[in-house]
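Worksheet for the structure shown next.
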């Protein structure tokens, strides 16, 4: 409240409180009396922020989806035939020590065969041709905390004496990584662009409402009002306007995301979704704060040119 | 121009031309003299439409991507071992006759083995275990023009006497279909919502600019102007405003999509993208027409309440 | 030409601006309307041009019942009158000349005629030099004279002026009065609200005095008032 | 109190509104400024309140050089003067009472004092009944009186009025003049632009006449003019 004191450097505290009360009541009165403009601004704020919010949740979910995909990338480490259980366990311990490894899982020959049967059930001819033999090696599957470690780790592990070979579907994984990269950067670029566009549109609208009242602002100056005396009610009005607009956007967004998550959960259960809480609380607060700031700034910055009298 | 004649039912053609010229010059003069508001409106129109355009292209591409995925769904029809070449060709002819079939491709046992080798190269143990035998059947792969025919066709084909079995990865395909369905309907809903939101925001902005000139409009009425006499310049101004805003949005969109398609082509060549032309021409024209209509309507509809004097 | 029968006007907030007014003004008359501030003079004028509608009673102008007229005929009614508004009502984004011209554009006068007549009429109010100035760059009296120029440029059937000399010095006011008299002699009915006692006394025309929304005096060849 | 030294004002469009004006007004004086429409009277006033800046010369008000004052001190300068603007300048979204109160809010007067003083001053201009009306619902003269009320409510050091009776009938005008005289007697310097010949003649105060931006007459106990 450093600026407030400019308006009444000689005033004492009681006066300040009275003045603040005046600013507040001014803001609300003006809000009511300029109802068309208040409505127009709130509607624009609410809609723009809702759109922004929808894309924030979309990008967050794409990102989440990308993370999910990446985290499913595994290395299969095929062990040589005929090594001892001790050796197998030693390899397991060593793998666990490797950087960025999240978990390892051991698959013995029998389990590997079961998996193959599942995979090959379209073409039973093959299994028959094996005539009961099990040529499959036992293996470790490694998942990572940092998907970028996949490639390097695969190379390292392949050189272990107990290891026959290591594989991770190089091509597909690399395609996947570039897709998720594009999703991430595209999403961030989109959000940044949309945020600025939204701020611009909102502040444009608020500037127009101030423009419609430019004569009023001049008159206040002519009657001896200081800039801050004029600014405070506008600031509070803008804050309030942003608050209402943001609140409406948030409520709509909660409804929307709630609806979408339940719908997708029902029809596309396998699709991972960022769960509603606390994600929505965060997004909602961010939007609300943005809208209040832009409301307050939008209305006060645009005042400037009309106060120059 | 039926309405125009209302303003001068007694006028002859020369007068009409002169009046039209007056309206046009009025529109441009007003555009220049209200430069702040003109700028604010154009910027809002351009930005909003650009955002709308970006999402139109996004949705179009998702849809395209979904189509692409769906069209890659194939049925594998495994033929019984030991049937004659004639029988194989008969099955091929019959398959071709089926509804919604786009193409069929024959895979003989050797080719199937090559494919298996490719697929199994991570686990060479299996191939070794086959000891040179080839247990794989020959098969037909069918692709469809209408992905919905997959399920039905698979059932029909399985009953052919020459056919051992038919497969199409039922679970995955059904997941895929529900995803593409969600993408399609979600995309359409999104575009519809965004279109209305954009129209609302734009017309809100234009209404505010008209609001700022409400006194002017009243004065014109008091001096004897008819509603259409006041409306025409506003209409033309709005049209012009929408045109400029739409043009800017289009130019930005062309740049944007050009950039994105080349970028993606370079880094994610495997991703299918709707190619620039004629897609961008269509989207661009739609946006331009929308923006001109909304400019013209926005400015004239909001006039109404201020002309009631 | 103008006929008020038992006209009352009560504004939405309850102000009684006119109270059972009946009055008749013939074509070609020159009438002053006088009265205290807030008496109802401007309301009287606003009823003529359909700016306000009477709460009761009938207003007839040039044979047309103004309170019953179809909405889309209102502009044509207004074109019969030249009105000098008390608050000027100049278009803020048009120059002085364009403001005057606008009244002619509205009735689709050919461009050449407009140019000539606008020049002539600006000359009459002594403002040729300010033709290209925007209203905000004109003095109060200059704005008022532009409003007068706009009202007379179309040579209306009626000239209705609401305190047209409130912002003018006595010399300029006299010039405007001479102009109005000339226009009146050419057949135009003139109805003028004014507070200029000297002028009313000097002109010796019909005077209608309104007090609290009622006509308390209607004299041919009257004076401003008898108070002093 | 007010000192103009060789002040000229040429507007951006080339209009010469004031032309080497030098004048001195003492504290407590009552001064009429007269002159034809467009002579430069309003410009004279606008220079006092920093609404316009002189093109050359020095304007001193209450010991402060107005043309050199820091931007953030302008409001405090203006609070020393009560100004009745020629175009009223009422806040359109505030009622009559709120418009008057606003001038007191600005200097952070306690709410109680405001309420009382606003009522008193509305009583002085005879508009208590219109306290809650918005400007657009007031007659021209009523708006002007609200503007007057706002100018005097803070008991300013100087009262500066630009044609404050242009929209008032003679009776009401006389009432306002009495009010101004009373205020002047209480020590306030009064500077009033007017076209009301009768009033100037009657009041017998100092008269400054401006013609084409130049002071051509500055008489103690003068009359409006000698033209008639």
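As written, the chains take the letters A, B, C and D, and residue 1 is the first residue of each chain.
Convention: a residue touches a chain if its C-beta (ideal position, glycine included) is under 8 Å from a C-beta of that chain, and two chains touch if they have at least 3 such contacts.
Worth saying up front: this structure is predicted, and the values here are computed from it rather than measured.
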Moving only to chains each one touches, count the minimum steps from chain A until you reach chain C. 2
Based on mean C-alpha positions, I'd like to know which chain lies farthest from chain B. D
Distance between chain C and chain D based on Cα centroids, please, to the nearest Å. 28
Rounded to the nearest Å, the gap separating the Cα centres of chain B and chain C is 60
In whole angstrom, what separates the CA-based centres of chain A and chain B? 26
Inter-chain centre distance, chain B versus chain D - centres from mean C-alpha coordinates, in Å: 65
Chain contact topology under the given definition, line, ring, star, complete or other? ring
Which pairs of chains touch, using the document's own definition: A-B, A-D, B-C, C-D
Within the complex, which stretch of chain B touches chain C? 7-8, 11, 15, 18-19, 22, 30, 33-34, 215-216, 218-227, 229, 309
Could you please specify the touching residues of chain D with respect to chain A in the complex? 49, 51, 72, 74-76, 78-79, 83, 85, 89-93, 102-103, 105-108, 110-111, 150
For chain D, which residues count as touching chain C in their complex? 11, 13, 15, 34-38, 41-42, 86-87, 130, 133, 137-142, 144-145, 162-163, 166-173, 195, 197-198, 224-225, 227-228
Per the contact definition, I'd like the list of chain B residues that touch chain A in the complex. 36-37, 40, 43-44, 47-48, 50-51, 54, 76, 78, 116, 122-123, 125-126, 128-130, 133, 135-137, 165, 167, 175, 178-179, 182, 190, 194, 197, 200-201, 204-205, 207-209, 211-212, 264, 267-268, 270-271
